[in-house]
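What follows is a pair of complexes built around subunit A, which joins subunit B in one and subunit C in the other.
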Partner chain A sequence: MNMEPRTLETKAEAALAEAYETMRDALPGGAGVARLRTEAFDAFRATGLPHRRVEEWKYSDLRARLKDVPAFAARRSEADAKAVLASAGEAYASVDRFRLVIVDGHFYPELSDVAGLAGEGVTVRPFAEALAADGEALLDLPVVALADAAVGLNAIFCADGLDLAIADNTKLTKPVEIVHVSGAEAASTAERVLIRAGAKSEAVILQTFVGGVEGTFSNTLTDIRAGKGAGLTVARLQAEAAGTTHIATATLTLAEEAQAKLICAGIGSGFARHQSFVAFDGENARADLLGITMVRDRQHVDQTLVVDHAVPHCESREIFKTVVDDGAKGVFQGKIIVRPHAQKTDGQMMTQSLLLSENADMSLKPELEIFADDVQCAHGATSGQIDEDLLFYLRARGIPEKEARTLLVLAFLSEAVEEINDEIVIEAFEGRIKDWLSTEE
Partner chain B sequence: MPAVQETIDRVRSIDVDQYKYGFSTDIESDKAPKGLNEDIIRFISAKKNEPEWMLEWRLDAYKRWLTMTEPTWARVEYPKIDFNDIYYYSAPKSTPGPKSLDEVDPELLATYAKLGIPLQEQEILAGVEPKNRVAVDAVFDSVSVVTTFKEELKKAGVIFCSISEALQEHPELVKKYIGSVVPVTDNYYATLNSAVFTDGSFVYIPEGVRCPMELSTYFRINEQNTGQFERTLIIAEKGAYVSYLEGCTAPQRDENQLHAAVVELIALDDAEIKYSTVQNWYPGDSEGKGGIYNFVTKRGDCRGKNSKISWTQVETGSAITWKYPSCILRGDNSRGEFYSIAVSNGRQQIDSGTKMMHLGKNTSSRIISKGISAGKSQNTYRGLVSAHRKASNARNFTQCDSLLIGQDCGAHTVPYIDSKNATAVFEHEATTSKISDDQMFYCQQRGLSDEEAVALIVNGFVKDVIQQLPMEFAVEAQKLISISLEGSVG
Partner chain C sequence: MNEDYPMLEIKNLHARIAEDGTEILRGVNLTVKPGEVHAIMGPNGSGKSTLSYILAGKTDYEVTDGDILYNGESLLELSPDERAAAGMFLAFQYPIEIPGVATMTFLKTALNAQRKARGEDELSTPEFMRRVKEKAADLQITMDMLKRPLNVGFSGGEKKRSEILQMALLEPSLCVLDETDSGLDIDALKVVSDGVNALRSPERSFLVITHYQRLLDHIVPDVVHVLSRGRIVKTGDKDLALELEKNGYADYVGAAA
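Moving on to the complex of A and B:
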């Protein structure tokens, strides 16, 4: 309840500070970028890693989680990166797609379909190169994301990643997959992916986060800017190895009449935080946010989102489903902000959680912050276990208990899954969900 | 926005009195000097002839308070409070211990008459037995002056007196229960209250007794610059029942007045406590100047099994409201309820809600919160529903609806839901909307004016909560809401 003075610097904080001192001169970008990094670093020095007394991070104490921070990963040789990629396994192996590969935070054009995308009207550059060429404008983010500690850390350390620009009126014939792989040695990464969808362009982008080991600390940021009238689906699947610490931020800015769907499935990692910041920049835009989280075995997965209705006549829909099993902790925090004058806003947020065992733990915080009167905003939140009546109904019809439970969990998640509205993504996600359920003890 | 100013002016011109209860009574007060230190606490304690342990308790709280800082997490803004610029003790001088109303300062009685407090003394003197009897423990500034119906309550074994009286006559009960629900170190304002509380009500309902009447306290803040630090303690023994009403008005003042009360409720096995509040303190002028700061800690402990605590509140006043009546559902099968209407207009800021902490098995709770913001006010619902690992089959249903009137106000919802037990089922829903044009059109078409239409629609919006209020309050509350929203449309 009371503000505490800044506590002693932790080992992880000291390691991060030291890492910046050694890396700063080698980090890409001109003077403007360097100034932004210094500002972000000063803010980090003042506040440290986010902890439970920071309201936005109260359920996910990153300071307590990070005992130490491994060194930031260096760029691998092409062959080495290829081996890491091969060992990680593919979520969309059977899908005809353009693939872009990021290993340990570094983009590998030689392993990616850059040429194929160029043929479709998509320009792809390594983020380091883009940053050196275009400067700090590339680091612009929605105002609601700026104060976040993880966003700040990414700004300090982002050394590479992707800059993907879809030309106006371009409709991609195949989905684009961006694979983020972490290697088998514990390392820190802080890549940034910038996706700029031109006016009236249409694309499906699949992001997968895989690999890593105990101790891996990845802090990625994906900045999505949907141009006027663009139609964009970004499906993020996080299936990292059990012991990693994974912070993934997605920011989404929508221009006039843009329609974007941001889907986030969190299944892997030991301690994961998926945070989405959505900003409406033009009228008559619509954003759909869908979340599917499945946790067990002392996992901690946090889905946090902030939707900022800064202009009138926009619509947002959020459906987040969480399944929590033995000893795991699920977190959902969702905030809808309606600024003054953002009249005729329509914002609906639903979050539901299913607790499968006695010692599961779920925290929900759905928030509304409304400064305009002619709006329709609502949120709903529920938490509970599998309905015994439904289970009985299925068992009475001869379905074994285990199978009946699986069916009911699938049914629980289906509300969010169906909203995805893209066969490829639905198939991949359903596969993951069924795998998860079948490995249940 | 010019329309708002216009309506404010209009209301001002209609309502000559402006704030109906905005007057002050000139009675000499017995005051301690301004400021807070150990000597003041010793002074308060000595004035009230308290036992030694009570003084120690206060001093201990004061020491803890010095190490604490003001909480900043609520969505309220106000200039920093100078805690050394407040009188911590003031007692009406001319009333050392009245035995009957005749001994009471006539000006005081006139104040109550203006307030319309139904002391019902005349009826008793005339031998009239009213049907719905209400016992009033009237608090004028900080010392209880008149306590009525005492004899009749005594017959039932109910103790209803000021807390200073209880400290003289039933110290063992006070010692046993005070601070057991809201610990001394609970929060900044509660700790301050523990150190300097001057008076308040004490209610003890013995085992198996259904309190024969509704108990009521009218708070009245009077002396300029006087912080009110009330302490209320209600204990319902096994199988007991009590309904307690609290209502407030305050005179118009320029300086901000601080109010930091603590209310503790304890319900043992099968007991039920119903606590209703109508709060109509001075909200400040159209610029928000001069209103009451209301930082209250209210908490009920369902300590026994099958116990029940129900909070009902109608909040229309105060410049700042910081208030979270909560229930600790400790006993198995216990139940907590929270019904709230929070109306804000002008520059009022309300940050209110509840906490339902499910600790026992099969506990249930229900939260219905209706927030109405108008003018340039900010209205926040902040709530917590939590289930402990052992709280099997806990149930909660929460509904928070907000209604916005005008484009310069804000309505916010900040619920926290923590479930550590899979069998706990929590449901929460919140909506925000404005009065629809269709509803307004429908009413206007039938000849209602804008303001009448708004009052009608708003009263429909808050109906669920009004129904929970005792009869005496329900009528008053409906009127109060209409008055509070005057000038918000047009």
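Moving on to the complex of A and C:
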């Protein structure tokens, strides 16, 4: 029943195909989910991993990057998972929060504050369990995300993750941290995190991705659904070890009058892509997307976003800042789509990059696809270096060069940082940014 | 401070623009003793700002001959921040706006960096705040201005006052003021001059670049120089400024040719 493998199949593609054949019977979900996985797998067999001739992936050639794909991680013992978690280093150690722990793609309720969240009106289930109980509706995604190859791969392989549902009118008293840790043996993961914020609920979710080793391949998907009038901040901090590969997809669907802020900080990994798909599903909603990317050495970090204004009277704001040092590469691709009947759409996208070395490389592709006539949309993209006159001014006041450069990089990022507008997140992100700047040789 | 040397000794200084090699300074000689105020006047484009930038260590210019001695030692090999820590201060003709850098953060970073370079302890935040508030009040700078990013949205005159605030806080020993009076209204000129005069002391010297006699009524110089086409062509006492105000530079610029 399998399609003939393509002649030019890579080793990584063959490994993925083989992994599916081995795992398929054990993957969670009923017949509907299995059918969906099979369809996604057939599509993968037809097209393979995304590569530079696929327009959306032209700057981030995943097929070339993945020489091989390690086996998908099995579930560890609780003690083992605890040890992996302890070795990872925490971004929010000093913050009073509810913590949920995912190790190598598997959710560990025993290590998580499930009971505490239940007391606040939040239901948390392992995604495997949720999928078995509720079926393929949990895998629904915005249309703009459906054709993406990494999204397809996540659908094929997602074995666990978590399902977090915030009841209507619930205002969380503390932030929720979802920690994704990868262990010290190279493995593949494809967890799915579903966040459903009920009508008029309010929450701050901190998602951190840490750990991993050379060869780790994570293909995570976080599906955020903001209910009517919900107020949601999801701050994603991706800071894995240097040799890892991570495709981090986030989808965000906004119901009427929802306000959501999605923040993606890409600091770690050897090769990472944050792809965010935003869909407006009800009128008078607003989405703020903020991106902070810092890369050095031979890192490659891509921030790609598609914002789909499918209904009228919605607002979106995108501010993406990238700092590129050494021979690293940054990518920004941003597309705002305004559908024919989405009148009174207000969409503003801004991306700026700061190149700290001669060899630093940045690819920028902002796009507007507007099919409605009564809209306000704009985008701006710039790329530059540290301004020598500013540097001289600071140094003339006695600030040594390195410290002066640090101040100027922070100044460059400040616009995006200030827009976060949440003290806990700002402090954690600034801490990471300063660490990054101070480890510069 | 070394009592045996003048504070600043500029000897036969030749300098050109690094990028295209255009010579701007063509043999400047100038000696400033501790406690003295020297004024430098001269036509537009004669090299006054260039001289101030070279003193501060800007790398857009190359010194091709001569030397700059500060307390008897050459400055030329020192970086701008090392010069600042050693007591050099340049109040810029055109102070720069730095969006994203909070004024307070900047002031504290600068002050503590200099203290650190001199082997002194960092100032505590309350002590730092006390000093800033006191000096800002003297210069009629509001706390609201200090809450903004550095110089961002400041009027021309506010920027100049902000430069003098930095100078008062950093307590340098050699203060180079490049047209600090331009853009100031009459009252602000008085405030700024009072601020400068409050800093005058036997251990602190000033090099005041200006086009107008009016500033020198407030900050009375010991010596006045005329710089023309990269050379000092005339040196006199404060009456020279009065004479220039009346007759212009015509009598002196010819001499530089």
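Basically, the second predicted complex is superposed on the first by the 434 of 441 C-alpha atoms of A that agree within 3 Å, B and C clash if a C-alpha of one lies under 4 Å from a C-alpha of the other, contacts with A are read in each partner's own complex, and residues count from 1 in each chain.
Here, contacts are C-beta pairs under 8 Å (C-beta built on N, C-alpha and C of every residue); 3 or more make two chains touch, one makes a residue touch a chain.
Fair warning: this is a prediction, and the values are worked out from it, not measured in the lab.
Of the two partners subunit B and subunit C, more subunit A residues are in touch with B. Look at A:A360: by the touch rule set out above, it reaches subunit B but stays clear of subunit C. Contacts of A:L407 after superposition on the shared chain: subunit C is touched, whereas subunit B is not. By the document's definition of touching, of the two partners only subunit C reaches A:D389; subunit B does not.
In the superposition on chain A, contact is made by A:P340 with subunit B only, not with subunit C. Contact with subunit B, but none with subunit C, is seen for A:L368 once the two complexes are overlaid on the shared chain.
In the superposition on chain A, A:A378 makes contact with subunit B only, while subunit C stays out of contact range.
Only residues 1-3, 55, 340-341, 343, 353, 355-385 of subunit A touch subunit B when the two sit together in their complex.
Those residues of subunit A that touch subunit C in the shared complex are 389-390, 392-401, 403-404, 407-408, 410-415. Here subunit C touches subunit A in the complex through residues 56-59, 79-81, 83-85, 90, 92, 95-96, 98-101, 105-106, 109-111, 113-114, 117, 149, 166, 170, going by the rule given at the top. Taken in their complex, subunit B has these residues touching subunit A: 68-69, 71-73, 187-188, 389, 402, 404-434.
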